[in-house]
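One chain, subunit A, appears in both complexes that follow, with subunit B as partner in the first and subunit C in the second.
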Partner chain A sequence: MNRTQKEAWFGLGGISLSLCIFVWAGVKLFILKTIPEGITRFWPVLVICVFMATSIVLVRRKQSPAEVESDERDKLIKYRAVVACFVSVWVLLAAATGIPQLVVGVKGSIPVWLLAFINVGVLLIALLVYSAAVLIQYAWGQKDCGR
Partner chain B sequence: MNRVKKAAWLGLTISTLLLAVLAVMSTYVGRQLRVLQLFGVLAVLGLTGLSFIILRRKQSQTEVDSDERDKLIIRKAFVATYFSLWCLLVVVCLIPQFVIGQEHQMPVGLLPLMLLGIMFICNVVYCFAVLVQYGWGGKGGEETD
Partner chain C sequence: MNRAQKMAWLFVVTTSSALALSAAAVLILYFIVGMPKALAGIGFIGIAGLGGLAPAIFKKDRGKVDFDERDRAIQQKAALTGFLTAFLFVGVTCMLPFFILGPHGAIQVKWLPMIFMGAGISHYLVHSLVTLEQYGWRDKENE
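Up next, the complex of A and B:
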């Protein structure tokens, strides 16, 4: 497994974890209507930081001395994944613009802090799309080599 | 001038113009929401249609569509646009918090305007990145046109 693939796997894991925490925060804020207080509200940040630190250490460690950092194919895969991510960001932003209009009406209003919440959601989903796009392309490549 | 360069000049001009119109029209938020949304749709359709017509027409029979260098330039410009998109999203989150405060409310009608603004700025960044790269290439005597 090369570095790009390892990054994508750890990215997928970390972002899935972050998305779970994000959904949990959304449920607490919008359904249970409670705002977490005290030091306990920072535990998700701690979990994500520990996961990121572990990922960086493991991604930087080479499995063998012959492991290549990245070649032309990796660069192309990364570029295509960025394109997929970019397209998904626009689709998500369009949805994030339309959904509040449907919920509160065209002349309604939303709290300002919701913008940050929406954009963090968009960021997490876009990163998930990036990691998934990288892994799917590697899977397709292996399938082609197997033929 | 090749197709990529033409597209960049066209995009830069139209996006800058649309940004200016958007900035003027955003002062009418809350009064002319439907008109603003219609403007957004028409602007994007018009931009796409006009670009398509102008770019399909070749200036000469020998004009090349795009070569490897053009592809590399487009790729680099795209990556620059991608990063600027994230920077813009952060700025869009922060500005209202500083201007009207975190606990206050903002009209939903402002969201499509923000999205359009981001879209036009991204297009300006992309076109600018393309033109800057062609400019650098020109200094080395490698200009494609």
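Up next, the complex of A and C:
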């Protein structure tokens, strides 16, 4: 497994975790309208910090000399993943700005915290798409090599 | 001046004129008819859409190679910068109402497509400006 794959795996794990915590916090704060008290309100931050620290240590660890650091194929995979990420952002943004009009009507209103959710949600999903696109392309490559 | 530079110039000219005309129209209409109606001046933003005709106006020359590795690198850098600018725009416009109106405020959904439109315009404008900057604005050696 080369560095790009490791980064994509940790990206996928970290962003999935962040998305879960993000949705949990949103439901708790804005739908159930309960504010966590005591030490429990800090655990999502703690989990993300531990995950980020572990990711940085593992990704920065020196690559084995037996493995290729990065070649033309890796560059192409990253390029395609970035394009997929760009496209997903535009599609998500179009949906996020258009769907509320269908739900609440043209003259309707939405709470402002939903905008912050749209912003962070689109960012997290775009990063998830990038990591998934990298891993899917490597999986396709291995399948082709096996044939 | 190569095809990418000509297209970038058209984007910059159309988008800048659209933004300037819209701002002027909103300002003038504000003093004449007041605020909700003055927003009709935003309609001038439609001029920016003329930039989308650039690929049809500046057609590819079939006889010669007009796109190499350097052009690809320039386009990639311009696209990335444009995308980051658009995302920054979205981030700021999504967070500003939260800080101005407070967490319990509400915003009309008719404003949401403006965020998408603003992100698109900022993306194309910055993409074109970075393209021109990297080619050297008026450099004729890129033909």
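Going forward, the second predicted complex is superposed on the first by the 135 of 147 C-alpha atoms of A that agree within 3 Å, B and C clash if a C-alpha of one lies under 4 Å from a C-alpha of the other, contacts with A are read in each partner's own complex, and residues count from 1 in each chain.
Throughout what follows, a contact is a pair of C-beta atoms (placed from the backbone, for glycine too) under 8 Å apart; a residue touches a chain by one contact, two chains touch by 3 or more.
Everything numeric in this text was worked out from a predicted model, so none of it was measured.
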Looking at the overlay on subunit A, is there a clash between subunit B and subunit C, or do the two fit? clash
Could you look at A:Val112 and tell me whether it touches subunit B, subunit C, both or neither (first, second, both, neither)? both
Is A:Val104 touching anything from subunit B or subunit C once the two structures are fitted on A? First, second, both or neither. both
Just subunit B (first), just subunit C (second), both, or neither: which does A:Ile31 touch? neither
Would you check which partner chain A:Leu93 touches, where first means subunit B only, second means subunit C only, and both and neither mean what they say? both
Using the superposition on A, tell me which residues of subunit A are in contact with subunit B and, in the other complex, with subunit C. 79, 82, 86, 89, 93-94, 96-97, 100-101, 104-113, 115-116, 119, 122-123
Per the contact definition, I'd like the list of subunit C residues that touch subunit A in the complex. 76, 79-80, 83, 87, 90-91, 93-95, 97-98, 101-110, 112-113, 115-116, 119
How about subunit B: which of its residues touch subunit A in the complex? 30, 33, 75, 78-79, 81-82, 85-86, 89-90, 92-93, 96-97, 100-109, 111-112, 114-115, 118-119
Contacts from subunit A onto subunit C in the complex sit at residues 79, 82, 86, 89, 93-94, 96-98, 100-101, 104-113, 115-116, 118-119, 122-123
Considering the complex alone, what residue numbers of subunit A touch subunit B? 79, 82-83, 85-86, 89-90, 93-94, 96-97, 100-101, 104-113, 115-116, 119, 122-123
